[in-house]
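This structure is in structure tokens; I'll ask about it shortly.
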Amino acid sequence: MGFISYLVNGISLGSVYALIALGYTMVYGIAKMLNFAHGDVIMIGAYVAFTAVSGMGMPPVVGVLLSVVACTVLGVLIERIAYKPLRKASKLAVLITAIGVSYFLQNVALLIYGANTKSFTSVVTIPALKLMDDKLVISGETIVTVVACLIIMAGLMTFMKYSKSGRAMLAVSEDSGAAQLMGVNVNATIALTFAIGSALAAIAGVLMCSSYPALTPYTGSMPGIKAFVAAVFGGIGSIPGAFIGGILLGVIEILSKAYISSQLADAIVFAVLIVVLLVKPTGLLGKQIQEKV
Amino acid sequence: MAMLEVKDIQVYYGMIQAIKGISFEVNEGEVIALIGANGAGKTTTLQTITGLIAPKHGEILFEGQDITKVPAHKIVSMGMAHVPEGRRVFAQLSVLDNLKLGAFTRKDKEEIEETLLRVYKRFPRLEERKNQMAGTLSGGEQQMLAMGRALMSHPKIILMDEPSMGLSPIFVNEIFDIIREVSESGTTVLLVEQNAKKALSIADRGYVLETGNIVLEGDAKMLLDNDQVKKAYLGE
Amino acid sequence: MALLEVKNLGISFGGLRAVDDFHLEIEQGQLYGLIGPNGAGKTTVFNLLTGVYEPTDGYIMLDGENITGKKTIEINKHGIARTFQNIRLFNDLTVLDNVKVGLHNHHKYSTLTGILRLPRYYKVEKEMNERAMELLKVFDLDKEADYKASNLPYGKQRKLEIARALATDPKLLLLDEPAAGMNPNETLELMKTIRFVRDEFHMTILLIEHDMKLVSGICEKLTVLNFGQVLTEGPTAEVLKDPKVITAYLGE
Amino acid sequence: MKKINKQLRSNLITYGIVVAAYIIVTLCMQAGMISSLLQGLLVPLCVYVILAISLNLTVGILGELSLGHAGFMCAGAFSGALFSKITADIIQPAGLRFFLALLVGTAVAALFGFLIGIPVLRLKGDYLAIVTLAFGEIIKNVVNVVFLGRDSAGFHVSTKDSMSLGLEPGGQVLIKGPQGITGTPNDSTFLIGIILILVTLFIVINLINSRTGRAIMAIRDNRIAAESVGIDITKYKLLAFSVSAALAGTAGVLYAHNLSTLIALPKNFGYNMSIMILVFVVLGGIGNIRGSIIAAVVLTLLPEFLRSLNDYRMLIYAVVLIATMIFTSSQGGQEIQERVKAFFKRGKKAEEGK
Amino acid sequence: ACGGSKDTAGTTTDSTAASSDAAGSDTFKIGATGPITGGAAIYGNAVKNGIQIAVDEINEAGGIGGYQIDYNFQDDEHDAEKAVNAYNNLKDWGMQVLIGTTTSAPCIAVVEKTHADNMFQITPSGTAVECVQYDNAYRMCFSDPTQGTESAKYIGENGMAQKVAVIYDSSDVYSTGIYEAFAAEAANQPFEIVSVEAFTADAKTDFSVQVQKSKDAGADLLFMPFYYTEASLVLAECNKQGYEPTFFGCDGMDGILGVENFDTALAEGLTFLAPFVAKSEDEQVQNFVSKYEADYGETPNQFAADAYDCVYVVKAAIEAAGATPDMSVSDLCDAMKEAMTSVSYSGITGKDITWGEDGEPNKAPLVVKVVDGEYTEL
């Protein structure tokens, strides 16, 4: 009994990681950059929804939509201003810029909203699922998050596989010069990637804060890192990998808290990650790229 | 009016000037050969034409339209294809996906399908390997893919950068046959080659590039007989 | 006894039998050519010989020693050095340093000696510089010793790769399409250099090439590979006349 | 040779800058011209400079992205501080004790670097980065749950709390879990910091310009080619990684003996710190040792000098960081730089081949 | 909540420009440090604002012994090293007395420096034992052990529970300190600790396991020695799991009702020991709360209150010592140290507070319980 409910909790936490990781992996897979600011876009998304719903009394759906729009615009703007000039620069330069953007977003939020914690009102209205004489409770948030993950994952995979823009993204990710020669507009494609990634971030932010309602300017940073780990776990760049990685990470975290040590849970999560990578150096579902000599 | 006109372009890599002001033109239906030693600037010229590199000075006209500042992807959709140096196939995509990307600028599904069949007919090996990851193809196979991919866009003009590099003798002949066929089917060709003899033998006209300057130009037959060319590029 | 003796060598990639039942014998001092259509498996043979891939079948004997399944570094220490079809230089190092890396296992001092700059450091570094410059002179690269390797023109990069391979003092030198991307004049010059290396360093050389002028010009013996298998082998002139080779490879 | 001379000159300039900085600061200090703020920053500056130089060995010379450098600093800091605490009454004078603590911290960090390097260095690129991050976090996490006490019966360890150490009355808690180590003697001085920077420079510069350094850089530039000329990849990667870790450990000891509290927070020993060191390295120019030093100094001082801006200070820091990256790394920015350089070089004949 | 941005008035003094001591000889220069950026920014902001109110009041009323107060607050990002920088920066500005630092870990580092400089220091909220280990340092709040011990005693003496579960932040000095003292005292009390679960700063979003374990252990009281941000999550999780024990917190809980948009029903019945309740009828408290609300648009928490009191304590000590601003930092400190043990202060965090030589305040904690969505003093 205990185990099952830990498992459910793990999936619940994991689905949040998965949702964030999907956005991470999307941007990484195409733009080949570790967007360390992703977690902070999530935080902004949550604040926007918070302001709309709790501050201005809009209905939750409108709040979520506003948040998606705001984050999409934000993501595209960030890309345009901070990352685009560095298209040809080293990966490290872009990484550092992303870190700068992360600091920037945190401090902007701090100036606008202050450091005080806000309590986020859940946007999920469906009731919790109670099983086995109420012993096992699956919250509405968990259900919505898992379902959202699955839909987004399926959507992204279909998009990448069958749409023209999806194929353009794959081409850009491999060789943007050659992609241009195919007639692919590289800037527009990368902007689209960021738009999608940031829209996902907004959804992730709203759902994360619905499950874990304390909102501060730093809310996004640790889950951001964890989701990054989840994405790598599953094989960074792989969409189903991000989902599986996220869920597994959540489950491992919760189970090690429950059965080993709540203080060492993070250490255990990281240790498992290391072991997985040693066995499968490109993550669970990552493509093994062999260099042809 | 020439299909493609290059007017006095100069190109720099940082402070280094790679192209020092060259002009030439390509007429519709022609095969033009651009030859020259290593590092003469042939690749740079082609990349400048397709908009991958911006020239510091000069003008490029395609069908009378100034494309000097037009981004590469728009130039491609205007009907120019470029088979890049070193093939640059999308290594982690399948052969078929690579070909489909070639037709990225085209809309009509049926026409694309038709072109695909024609490409398969010309390169049966590609159909055989259509689901293989492009990166694991051998050098020659990759070259076929690069050519096939360019043809998928159904271009008015095709720019080829050393298509025979690294190919077996039999295949070199085949590639030149294909270039001739492509030309005969109405596509204009601008061909960059180390294999000057073969290139000039199928070309209508040719230009000789030396350290960023055009030093010789004229009828292909004439260039083949030119002593200077013979000595420097034909190894005779 | 042959310097290199290969029997029954094979490897598969997934379902593809890239090299199958391959055999090869090269005598000391020979200039040997490996030719064949694109995708025949020539580069793969080089990768097997140098331990980049581990063969699933067969054995490789170098100078009487079995080197099958050994790691790349081990094989290099045993005496096989190579160049690559797609050039692999140490791009950010200078031309001189590229060659000095090649000298790594023949001119040694410890890391601590290097950090503390003990006298041995200066002595060995001097030896290395001298030896490296000697090698660069052979390839007419001495004037570019201080260039960054990636700033060399293509043809010179290929030569530098050969110089670096020679620096490891191999018994057998493998060259993968050394003339690719060179124009006929440059190829002629390269042929002279390869012959010079063979004579001056008493080197045994195995090369892959599609340029028939080079192959017929300098190779003494040839093996022709087709679909991973040996199609034929023998003295150059004979092989090039073989109808099988003409249909599969040469054309016309 | 011309090139060698150029290199030597460049290295001498680097040493010279450090020594000159010391002399100038010391003179100003005697003249009372240096504010308390700056005085307090001197040792941390040395710490960050050493960290930046050492990380440059991994990132710039070995060419691998490490996001766990703070973990090694943490290992060095804790082992060094623990050593000092245990031997506080035994070993005198303080100078000798601190010297030994430095050795201990360095050795422990090197050991960690070596042990972690064995599995980690088999991975590539971003995967390697994430695993170093993971290791850094594990070190921090584990340090946070360790309780160590000492009484007449010897040492006691627990991972729960200080009560479960079961110390006799009068026993001393040495490491107190999340409270870390308090009461570390303040042995670090600016002079020692400068000496350590010089030692670090000496080790790193000489390593780079030696047979070993060439092998490491060869691996960075082309692993397959390096193997083909007989370079032992694992050995040299491990060597570079361990040396880099060891030097981070040295910096950690210096850090630990500058403050009397040593607590492993995300901020000082977590990935935040690792990333900050990485920022120094990238901003200073990957592989450019002198650049690392300058970037570490400038970026440490910047937020302090922005103090008067209060709430906007970290915002401005972020903007400066982004703007600098765009300026130094974008094409447009680089063209401007080249033009500036060309302007200064005019007249001087441009040397061939760079 | 605009606490972060509108109150720059207090720190308008340009710290780099005014570094000469002499110029300030007709004012007392009081400095303070705490985090106003980073994850702990809430606490620093509260302290900053609380001091500002007191300083303004005192200056308006004629200052300390006729001398005005100059006040400067510096950010320390809740980092020991940055706190030392902040301290040094204040020294350059000419600080004579330090109110700080806000959080424990940085405070331990800074107290070494104030000790070396012999500068008078009083921390509003540095709860760790080591914060006041030297004779120049005092504190306004309860120490961690005091709080832990008092909490255990209170629960035991009032028979609040038989079985107690504890959740604490094992990566936090404050939380661990209270927990350890609580556990030690629990041995003498008629209840049993049935479950102890920790969390860390890196994993403080999800509390499902900790809550479930407490629930499964059958605890009828949940002791939560940590801050209210995490507490709000724990309470939400308990609600989710349908677990309804008695909640017992610590002074870090103060502020939980002020969390914007928080469903106060979740915190109903939450009891904790605190030095200060904003809803108190006390006149001084009401005065402070109304000013704070007017200036910063939010209800002050105990950090702000402790900080506010600190200023008055400093004033009392200076006046008792008869000190003047032209004294050197060290002389001032010696004079104030001596005065401190004789000061008896009544403020908003306690009445008739006195200090021992150990720097600890003697004051009775208030017991606060959340009733009908309001803090109520028991």
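Order of writing sets the chain letters: A, B, C, D and E. Residues in each chain are counted from 1.
We adopt the following convention: a contact is a pair of C-beta atoms (placed from the backbone, for glycine too) under 8 Å apart; a residue touches a chain by one contact, two chains touch by 3 or more.
The chain list, named the UniProt way, goes like this: A, D = Branched-chain amino acid ABC transporter permease; B, C = ABC transporter ATP-binding protein.
Model, not experiment: these values are computed from the prediction.
> Which chains lie in contact with each of subunit A and subunit E?
The common neighbours are D.
> Moving step by step between touching chains, how few steps can get you from subunit B to subunit C?
1
> Stepping chain to touching chain, what's the minimum from subunit C to subunit E?
Each step joins two touching chains, and the minimum needed here is 2.
> Which chain has its C-alpha centroid at the greatest distance from the C-alpha centroid of subunit D?
So the farthest one, by centre of C-alpha atoms, is B.
> Among the chains, which is located farthest from subunit A on the basis of C-alpha centroids?
The most remote chain is C.
> Rounded to a whole Å, what is the gap between the Cα centroids of subunit B and subunit D?
The answer is 51 Å.
> Rounded to a whole Å, what is the gap between the Cα centroids of subunit D and subunit E?
Inter-chain centre distance comes to 34 Å.
> Take the average of all CA coordinates in subunit C, do the same for subunit D, and state the distance between these two points in whole angstrom.
So the centre of subunit C lies 42 Å away from the centre of subunit D.
> On a C-alpha centroid basis, what's the spacing between subunit B and subunit E, in Å?
Averaging C-alpha atoms per chain gives centres 73 Å apart.
> So which bits of subunit B are touching at least two other chains?
136 - these are the residues of subunit B that touch more than one other chain.
> At least two partner chains per residue is the criterion; list those residues in subunit A.
Residues 107, 110-111, 263, 266, 293 of subunit A touch two or more partner chains.
> I need the residues of subunit C touching at least two other chains; which ones are they?
Where subunit C meets two or more other chains at a single residue, that happens at 52, 84.
> In the complex, go through subunit E and note every residue touching subunit D.
4-5, 8, 11, 14-16, 19, 36-38, 74-75, 77-81, 84-89, 91-92, 105-106, 108-109, 112-113, 128, 130, 169-173, 176-177, 179-180, 183-184, 200-202
> Sort out for me which residues of subunit C touch subunit B in the complex.
Going through subunit C, the ones touching subunit B are 13, 35-40, 85, 153-155, 177, 180-188, 210, 212-213, 248-252.
> So in the complex, the part of subunit C that touches subunit D is made up of which residues?
Interface residues on subunit C, with respect to subunit D: 50, 52, 71-73, 76-77, 81-82, 84, 88-94, 96-98, 100-102, 104-105, 107-109, 111, 113-117, 121, 124-125, 128-129, 144-148, 151, 164-165, 167-168.
> Flag every residue of subunit A that touches subunit B in the complex, lowest number first.
Per the stated touch rule, the residues are 164, 167-168, 170-171, 174-175, 177-186, 287, 289, 292.
> In the complex formed with subunit A, which residues of subunit E make contact?
So the residues of subunit E in touch with subunit A come to 1-5, 36-39, 41-42, 44-45, 170-171, 197-200, 202-206, 208-210, 212-213, 216, 228-230, 232-233, 236, 240-242, 258-263, 298.
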